[in-house]
Amino acid sequence: MYDVEEIRHHFPILERRIGDRRLVYLDNAATSQKPRQVIEALTDYYEHHNANIHRGVHHLAEEATVAYEAARRKIAHFLDTPDTAGLVFTRGTTEAINLVAYAWGRKFLREGDEVVITEAEHHSNLVPWQLAAQATGAKLRFIPILEDGTLDMEEAERLIGARTRLVGCIHASNVLATINPVERLAELAHENDALMLVDGAQSAPHLPVSVEALGCDFFACSGHKMLGPTGVGVLWGKPEILEEMDPFLGGGEMIREVHLDHSTWNDLPYKFEAGTMNVAQAVGLGAAVDYLESLGMENVREHERRLGEYAYRRLSEIEDLTLYGPKRERTGIVSFSLPDVHPHDLSQLLDEEGIAIRSGHHCTQPLMRRLGVAATARASFYVYNTEEEIDALASAIVRAREFFGAFSGAKP
Amino acid sequence: MYDVEEIRHHFPILERRIGDRRLVYLDNAATSQKPRQVIEALTDYYEHHNANIHRGVHHLAEEATVAYEAARRKIAHFLDTPDTAGLVFTRGTTEAINLVAYAWGRKFLREGDEVVITEAEHHSNLVPWQLAAQATGAKLRFIPILEDGTLDMEEAERLIGARTRLVGCIHASNVLATINPVERLAELAHENDALMLVDGAQSAPHLPVSVEALGCDFFACSGHKMLGPTGVGVLWGKPEILEEMDPFLGGGEMIREVHLDHSTWNDLPYKFEAGTMNVAQAVGLGAAVDYLESLGMENVREHERRLGEYAYRRLSEIEDLTLYGPKRERTGIVSFSLPDVHPHDLSQLLDEEGIAIRSGHHCTQPLMRRLGVAATARASFYVYNTEEEIDALASAIVRAREFFGAFSGAKP
Amino acid sequence: MMRELYTQVIMDHYQRPRNRGTLEGADLEEHLLNPLCGDEVTVYAHLRDGKVADVKFDGRGCSISQASASMMTERLMGRSREEAEKEIRTFKAMMIGEKEFPAMDDLAALKGVIQYPSRIKCATLAWTAFQNGLDNAEN
Amino acid sequence: MMRELYTQVIMDHYQRPRNRGTLEGADLEEHLLNPLCGDEVTVYAHLRDGKVADVKFDGRGCSISQASASMMTERLMGRSREEAEKEIRTFKAMMIGEKEFPAMDDLAALKGVIQYPSRIKCATLAWTAFQNGLDNAEN
């Protein structure tokens, strides 16, 4: 069924060599590689249909508009919502969350209001709220994580209350490999007349997602992490909520009537799409979603669950290696550290063997502080990764450890 | 020297046929077509180098970072500034201007302050200032245009004064084909301790631009109008001014230290580049700028000046046709209308002959009101257009006029 | 092929529009602008005994938007509110290809517009305005 | 090839850092974080008679950042302020390929870093911190 060898053939970059080694790309949580189908959709768009959309009555403009709106419908379908009116194209998750923090936050947050997020948020779902809080006088509250990296839901129940206006949470963690109970958080939010925002940057690429089933009010994700081009992402929001919000960016397309002294706004989703949009990238993301649906998101999830567990097991066997996050119900991410080898040095040594992993704070500095580290190493898997690649990872880690051990037993 | 036939071979879309006609693409002010060199740069990026930038220590991440930063340097060079620290990637002109309207406007504008722009602005350089004015209590003032479409500079001198905090102006008009004296406006602004923002969406693609020579503080332009991909543009700003501004979007990469309760910001330009950027698109824009520089911007300007004048002359010969904008010193744009044929109907009839022009308000509703029309038709030229295409345009307009005239002499 | 869009019927309605003008003291008066092109239309109606007793339109725009408005006034004149709403729904369904165009009616001339998605908004402009007007006249 | 980056000299400075620690009542104390990876360093110095009388560093990070900090302390100890600033400028010029590395010095071990742009910031972290510290100590 799920034929990983066939899938690998769709990804030209997997033929790259790093020095004399085959590329082993395990940095998918940072960004994914692109299948031929997506690259060709971009080329086809530029070579045959490129035009500015919505305002032209010539053939190319019609074709480009149709392609762009078809991509919107595909993505709405992928996220399991009929609301194309609620589906706004952005540059990525970060812009999507900022859009909410500006257009909803600046309008509705007041002194004394609270925004509840978690200790494990990516900076993308923390810094925009810090800025919004500063501008409005609202306060941020943080749901802590338990020792195994899962959310402290008892504390969540205490924190979400009458003052809460919005709850924001990563659906899946880019460090801990957790999948958070955002459905339950959405219930808690709604019981308190607050809104629920889900940062789906690490879920939409990897799990079947239904924004309806999650019960959230906003959902954000990034195209580049789900086989799509860079420079595109989406914000989905309940249309009736988007309707009440102020506009965010001003400019062409998002307007209805413009006078020198005032303007009125276009219908959803156009009200939030100012200026010439990332048309080719939206079309490319449509092709990525087609590709993912052809694999089946259930199969993608199963493949990665298996890889994640296999990696967890293989890496646990390495002496002194610390693994972060829970033992079970993991996504295809493993974050880890070695006492004697700094993550930077580790990834450099791995790179020498063609293995690309990430090291650093993964844009989660508060979480790093909570874990008591400055940085971790992280390997993250996607549709084209294999158990052999994980074996290569494990033995390269062992070699790196031996290499550093060879110089001395003394710790820095 | 400037071999338009050779240039045309670089643009795959020019081989498109519309029905049985060759495509005549005269909608370049809306968006430009892309040369093979740009499309290949994108493909090469995705097939060989794609990775998330700045934070990775593996080969692909290094290569992607180098490619992205090389694109930044190319564009800085293209705009004739050594300040790569002042060169921020955005989605396009619209996002660039909104960035200033939020990060500078919301911080520094006060009740009683004035922002002076023109009657001929694109909605992109009007609506963001309406929103900023609303949020801060500042007022907008408008430099009027004279009958021939040029700016009323006497009125400009009166309007720009002690209350002025920022002057904003399109460098070249997307409707009137004017090139505005933004250098002089910058002087007036600076004499009054105000800043100068130039909307270069219609100049950077078509004229040699030196932000230093213009003397402006901010300059914005869009990649998709200058042979580059959709989804990328730049804001250039004087680093010392960008430094003083608040951040705009919050998230990864734009931060230095993130704590739960506060954060500090990264150095320029990264302070304004939150989240995963449009990396492939920036690289593509770098390739577009390489292509334009290989043609030579002086040559591009000369080619379009010639086409603009030729079109102005050919269209003047058509009975009852009204042309907008000045007679001389035009860019490669002609906006016009016919009394009996609505611009929409005209462009549809032209499309039948494979000729793509634009009709509508061109995102300049206040300018349309000033010109006393609801919409105009617009043909706009670029590096690959020819006099034969303009001949085809002129005869198609004549035929459209005859077609509508055939039904009746009565005007609607 | 495309010149077929501009049929004699459309050009006739465009150049000799029916019920063009304004209505003093109209029960329904609704202005709508097509933000994509700047075309605008205002529709007026007297509503009497639950019926559209008189209807007029005014505005400026392309042949499609103006001809469609003209046809609409003919179509809605004398109809009950419910009938008018049904006509509008049916017309919109035709314009997105979900319903057939009536064979023996001027409206059939608008069939060609379906192929040009950007022009569909031109054709539906007056109809949407009228529906908005009915909604607002309700309160 | 890459393992050449991790020379005996670098590993020695990393695992047996010189002048690691803090200085009580330092005239110069400056903390700097590499936002790209979370590495951090704090540099301390006593400045006496226009000279760097004592210098220490503290922090956590990769072998390159810590070894470079260790080498820096050796390099700056006892220098006049002007000499120290010149050392820092020279080192930064070496790290962007504008100057040659000194042949007979531990610093030469950092030459390999040039090939890895993302690691250059690791190597310069302590040096930048020290320069910032000198700037601030001026006032």
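By written order: A, B, C and D. Residues from 1 in each chain.
As a convention for this text, a residue touches a chain if its C-beta (ideal position, glycine included) is under 8 Å from a C-beta of that chain, and two chains touch if they have at least 3 such contacts.
Keep in mind it's a predicted model, so treat the numbers as computed, not measured.
Participant: Which chain has its C-alpha centre farthest away from the C-alpha centre of chain A?
Facilitator: When every chain centre is compared against chain A, the largest gap points to C.
Participant: Taking contacts as defined above, which has more of them, A-C or A-D?
Facilitator: Most contacts of the two pairs: A-D.
Participant: I'd like to verify one number: the distance from the centre of chain B to the centre of chain D, where each centre is the average of its C-alpha atoms, in whole angstrom.
Facilitator: Taking the average C-alpha coordinate of chain B and of chain D, the gap between them is 45 Å.
Participant: Could you grab the centroid distance between chain A and chain B? Build each centroid from C-alpha atoms only and quote it in angstrom.
Facilitator: 31
Participant: Averaging over Cα atoms per chain, report the distance between chain A and chain D in Å.
Facilitator: Going by mean C-alpha positions, chain A sits 36 Å from chain D.
Participant: Show the residues in chain C shared as contacts by 2 or more other chains, in ascending order.
Facilitator: Where chain C meets two or more other chains at a single residue, that happens at 36-37, 116, 119.
Participant: Would you give the residues of chain B that are in contact with at least 2 other chains, written as numbers and ranges?
Facilitator: Touching at least two other chains: 55-57, 61, 255, 257, 344, 348, 351, 359-360, 365.
Participant: Within the complex, which stretch of chain B touches chain A?
Facilitator: 12-13, 16, 18, 23, 25, 27, 30-31, 33-34, 38-39, 42-43, 46-48, 50-52, 55-61, 91-95, 97-98, 101-102, 119, 122-124, 126-131, 140, 142, 222, 224, 229-232, 246-247, 249-255, 257-263, 274-281, 344, 347-348, 350-351, 355-360, 363, 365-366, 369
Participant: Give the list of chain A residues in touch with chain C in this complex.
Facilitator: By the definition above, chain A touches chain C via 54-57, 61-62, 65-66, 255-257, 266.
Participant: Which of the residues in chain D come into contact with chain A in the complex?
Facilitator: Chain D reaches chain A through residues 1-3, 5-6, 8, 11-12, 14-17, 36-40, 60-64, 66, 116, 119, 122.
Participant: Going by the contact rule at the top, pick out the chain A residues touching chain D in the complex.
Facilitator: For chain A paired with chain D, touching residues are 19, 342-345, 348-349, 351-352, 359-361, 365, 368, 374-375, 403-404, 407-408, 410-412.
Participant: What residues of chain D sit close enough to touch chain B in their complex?
Facilitator: Touch list, chain D to chain B: 33, 35-37, 116-119.
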